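Each of the next two complexes has chain A plus one more chain, namely chain B in the first and chain C in the second.
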Partner chain A sequence: MTDPVILLQILWTGIAMSSYFVLFTVAFALTLKVEKLWNFAQAGLMGIAFYTMFYTLNAVHWPPWLGVGAAVVLTAAVSIAVEVWAIAVLRRRHSSGLIFFIFTLIFSQLVAFVLTLMFGTEPETIFPSVMSPVRIVGGVAMSDWDLQALGVTVVLLAVLYWLIRHTRDGQFMLAVADNDKLAEIYGISAKRAYLLSGIIAAVLICAGVYLYGTRAGVTPDVPIGLVLTAVIATLVGGLGRIFSAAIAAVGLALLQSFSILFIPAKWQALLLYFVLFFALVLFPRGIPVWRIRRAKPLAPIAVAQAGD
Partner chain B sequence: MTASIGRRTALSLPLAALAVSAGRARAQQKEAFRFGALMPTTGPEAGYGLDFVKTYEMAVKDINDKGGVNGHPLEMLVLDTQAKPEIAINAANKLIDVDKVPLIITAWSSVVKAAAPIGNRTKTLELNMGANSPDIANLGDYVYTVFPLAEVDVTALAKYTYAKLGKKRAAVLYINNDTGIGGAKIYRDVFTAAGGEVVAFEGYDPKATDFTGVLLKARVGNPDVVHIHGLSELPQVIAQMRQLGMQQQITSYSAGYNPKILSQLGPAAEGLIVTSLAPTSAANPNVAKLLELWKQVGRFPNGLPYLQYAWDSTVVVAQIYGWVDKNGLPLTGENCRKALLAIREFDLPMTGKLVIRDDHRIDKPVYLYVVKDNKFVLLDTVA
Partner chain C sequence: MEYLANAGMLIGIYIILAASYNLIIGYGGLNTIAHPIFFALGAYTAALLGIGTTLPSVVCVLAGIGVAVVASVALAVTTLRIEGDYLLIASLGFQLGLLQLVNNFEFTGGPSGLSNIPVTITGPGRGWLYLLICAVLVVVVVWLIWRAMAGPFGRAVRAMRDDELACAALGRSLITMKIVIFAFGCGAAGLAGGLYAYYFQYISPEQFNVAQSATILTMVVLGGIGTTWGPLIGAFVLVALPQAITFMQLPSSLVGPLQGIIFTVLVILFLFVRPHGLVGRREAGVAH
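Coming up: the complex of A and B.
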């Protein structure tokens, strides 16, 4: 198992498989950062996204781009509806964090039950076939799905980075994330920031669901498990750090993949919860590796202030 | 002349209808004989579970249309297990304590095991009709199987792979639950005893979607056959195996005999060898009748061989209840067990002769199928 080709194969597949994990994590971390919301309703959005694609592509035979487009539109619409008619209402009532948490969880369960009634509980994939063409590069098998997954994830993360760092709406989102009351005093619409973060999360979720659903079978109760893994990566990456959470997601996926070298495969899932347990106990604000990178630029300022 | 025939016809039609429905009417007059069914009607295994339930309903209707059990209509109560033991325990308690059924039919190894202590404690007969963990034979006095346990088809498959296919090095991959662990151990032991070498023996998490690690572990052992003892994730395991460039012969058990695998894998399924424990419609005309009933549902059912056992298990229940009733005994679990052992040999419409053995096991011929041109083609029959 220590053959370089095998190690490279595990590395490559681990990175490819982390793609949807990263997208779900970033979607979760973004709403947590901007809205301060542990949004388990995203499991419901995942279910809506998947079954919209499944239905439009398999029952009404739309072309893939149209089916995926329909899923994005519907998922974003539901995300907006939840924000406007539920989350905003709870926010106006100054409801406790626990009420938000319970509401989002119930929403996801409600969606799962409705989807079960509509589509049953047999595992389904977006396309009838789960096969993807493969090329061997240096002894490592690279499937079209792998390349597609990496391409989609990198492009979406790059767009998100640009949006957050270089657009007014992105900066407004950060301002609201930092202090929504102060942001509103400066004329920034927190409501718009919340809606925008919800829409971005919906797009990321659709992309993640597309990648997941083209590779593995999905049932209405699968999304809640996917959100849990996103929560783990968000906690490990550190609350409020979107891209650190993405790196944590890749790290956790690789940790799981490479663990096969040391432990039986049947224990791989346990590893995630093992990491979460220790991360929560030892590093409640996230593993420091991700924090050091942000701490460095502050040092000269501190020195300058000391000099003053 | 014409008028005369018309009158006769007009008179005879209601009489004929009356005669046909007489049995049904008799069956409706007497108290219903009820039995319980623990099946996954929701959750990932519902694809099979719902089709089992549909088939029970067909069989119950068929029995009742023919007059029921000594004039008593047969009635089935189904409770959902999601194929999860913790849910099965609650459902079994409800069927026994509230609905007072003397007999329960079940499937899925973990469910059969979970319900077994309850059946033994309350002296309720539990009949397994679809699970194949070898442990089922040792679950107690009130747990019997009408479905061959893994040792029947997996033993036949492992021996056939070594002796007839000439494969000497096997990798065994299995889903880490009762079904997978039990079946995989049998395959390993039989293949090794036959003279082969098991070069990898790896379980994977039931919720896993990436099987690269276990497949690479298997590849390192350089096997010439890979046996996968999985459930609904089987197509994903095979797909990823082929995508990793592993072209070895793949075998699986009866869960692999599923048309969905063919559509999900396409050409990648070619050469896959699976087992089946029931004859096809070509060998048994009753199976064709079952398929006709499924045509009315509008689709081909999942896991046809399992459905043949589902039908036959309903017939077994009817015969057990018939024996108890005929002997003037109260319909209790104890008497149902007594009936099962007294009848012992059942001639069943879908799967042929069934003999209940004292060791709680049964024997059946094993049908081996290979995927050829995207179809399951009979490869051999192992008696």
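Coming up: the complex of A and C.
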């Protein structure tokens, strides 16, 4: 029987580690929902975000807030450029999903090759050390990084929820996601919704990359693996359900974390691909979610009979 | 001269891959991107049999084709009820999962791959002899695909791609047709894998990753999807042009990324300048 403290430790570490998966997944799921686009170009954006932070903090020694800010600005600018000069053009041509897939994947590869040329293939981290102070709470080790990661993720998700539910732009994004042609008839700019979803995704990606890059080494080909994880979580969560995808990302991270009790660490990645494959084959529209529904009011006749 | 033979072999192998992939995605309309894993299965099976047994190389390559065909039927039976983007992503999961197995098993050499694949042809003319064999196989594969697609079976396959319901209403078994073209295309990828393993004598999992999927897919689309000559021209252009940089005497650490940049820039350029492919026609029925 495994010690409960060990189980709690795995649970805590799994939840903390899921933070960047959640951010990448939400970024991917948002773009998929609003733009109907499997945007593998987000791997390229991750690469740009990470190496901007790495360069500004380590080579030109900017303060962290400025380096992160520069990464957000550059990543958002590239996201806008890709949307305006590439995705919008393909959309106007009614290109097939295959062409979007090729473009977004090749764009990410182009970014990876350019970054390899500039920074090499050695793993780099945003700060020279990935260690952070640890405190023991009830026998469970909690690092400052864990708390920072959870805090950043919760705040960003709360802001995104508020943005989507309580602002006009957020509701316009939902309208475009439902039916872009109908939304445009009502005067909603689909172009603006696409750009906004791209910018939000860029911000989420920067936050996720910051968390990942302060915890583990990154090489130019790491981001494509991160996007694939986001794809898996998005599919398991169900297409068009951004926050369900986030929950799926947490679930997958926990599955990976707890799998070390049963299988060697090198097989953890395989677990994700099995989940992806079987989730698609068994639930091609995502794992169904059953909601608790309010009981329907009884029809007047039935109420009368019940009264008798 | 050895360099030219190497480049020629690469072009030949990619033509087989692109032509067979075109059969699946271009003619059959099955959006899968797992083609490199069948290439890998052919290569690894041939290499492992070559290393571990005394079987003739032809038998090892045939075994590689067999393993690729069996795996393709397994993928087809489980996934062909889903379609479009979902099939694309499921095939990606299948590819990455199997690649992870190859990466983790010790008998496949793990991430380092297999480097002690036996030499089957020796002497100064090795490269050219291999090139001749490869050229013959390219002609055979391309002719078989062309022949099949020019006949009644090909018309049925194209009808299935354009309208599955109408095709089924005519009494055609869609699943059988899908499995047949899938098995043939993936078997050809297994053949390309066997050739690759025996010629280059080194294989590793990273040669069969997602980037390889994008490469083969790009060759088909940029050449002209659903055409006979498109994948051939696409493979030739996208292998030959980045090779030009090797004549510039650059440090080896720069050659790889620069070739990658040339390749990806060419792809993006072609996607926007000639979206229907180099030999494809605008009215070919595929949205570009």
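Just so it is clear, the second predicted complex is superposed on the first by the 287 of 308 C-alpha atoms of A that agree within 3 Å, B and C clash if a C-alpha of one lies under 4 Å from a C-alpha of the other, contacts with A are read in each partner's own complex, and residues count from 1 in each chain.
Convention: a residue touches a chain if its C-beta (ideal position, glycine included) is under 8 Å from a C-beta of that chain, and two chains touch if they have at least 3 such contacts.
All values reported here derive from a predicted model rather than from experimental measurement.
What does the overlay on chain A give for chain B and chain C, a clash or a fit?
On the superposed model, which is not a single observed complex, chain B and chain C clash.
In the superposed arrangement, does A:I106 touch chain B (first), chain C (second), both or neither?
second
Which partner chains sit in contact with A:H94 here, chain B, chain C, both or neither? Use first/second/both/neither.
Only chain C; A:H94 stays clear of chain B.
Have a look at where A:M131 lands relative to chain B and chain C in the superposition and call it first, second, both or neither.
After superposition on chain A, A:M131 lies in contact with chain B alone.
Which partner does A:T116 contact after superposing on A: first (chain B), second (chain C), both, neither?
The answer is both, since A:T116 touches chain B and chain C.
Contact-wise, after the overlay, does A:P63 reach chain B, chain C, both or neither (first, second, both, neither)?
neither
For A:A269, using the defined touch cut-off, is the partner it touches chain B, chain C, both, or neither? Pick first, second, both or neither.
both
Contact-wise, after the overlay, does A:P4 reach chain B, chain C, both or neither (first, second, both, neither)?
A:P4 sits against neither chain B nor chain C.
Answer with first, second, both or neither: which of chain B and chain C does A:T219 touch in the superposed model?
first
Have a look at where A:M17 lands relative to chain B and chain C in the superposition and call it first, second, both or neither.
Touch status of A:M17: first partner only.
Of the listed stretches 40-48, 112-120 or 220-228, mark the one in chain C with C-alpha atoms clashing against chain B.
Comparing the options 40-48, 112-120 or 220-228, the clashing one for chain C against chain B is 112-120.
Give me the intersection of chain A's contacts with chain B and its contacts with chain C, in residue numbers.
Residues common to the chain A contacts of chain C and of chain B are 116, 120, 266-267, 269, listed in rising order.
Write out the stretch or stretches of chain A touching chain C in their complex.
38, 86, 89-90, 93-99, 101-103, 105-107, 109-110, 112-114, 116-117, 120, 224, 228, 231-232, 235, 266-267, 269-270, 273-274, 276-277, 280-281, 284
Can you list the residues on chain C that touch chain A in the complex?
Within the complex, chain C touches chain A at residues 25, 31, 33, 78-79, 82, 84-86, 88-90, 92-94, 96-97, 100-101, 104, 210-211, 214, 217-218, 221, 253-254, 256-258, 260-261, 264-265, 267-268, 271-272, 275, 286-288.
Over in the complex, which chain A residues touch chain B? Could you list them?
Its residues touching chain B are 1, 3, 6, 9-10, 13-14, 17, 116, 120-123, 125, 128-132, 134, 136, 141, 143, 212, 215-217, 219, 221, 225, 257, 259-260, 264-269.
Which chain B residues qualify as touching chain A in the complex?
42-44, 46-47, 50, 176, 202-205, 207-214, 216-217, 219-220, 232-233, 235-236, 239, 242-245, 263-268, 302
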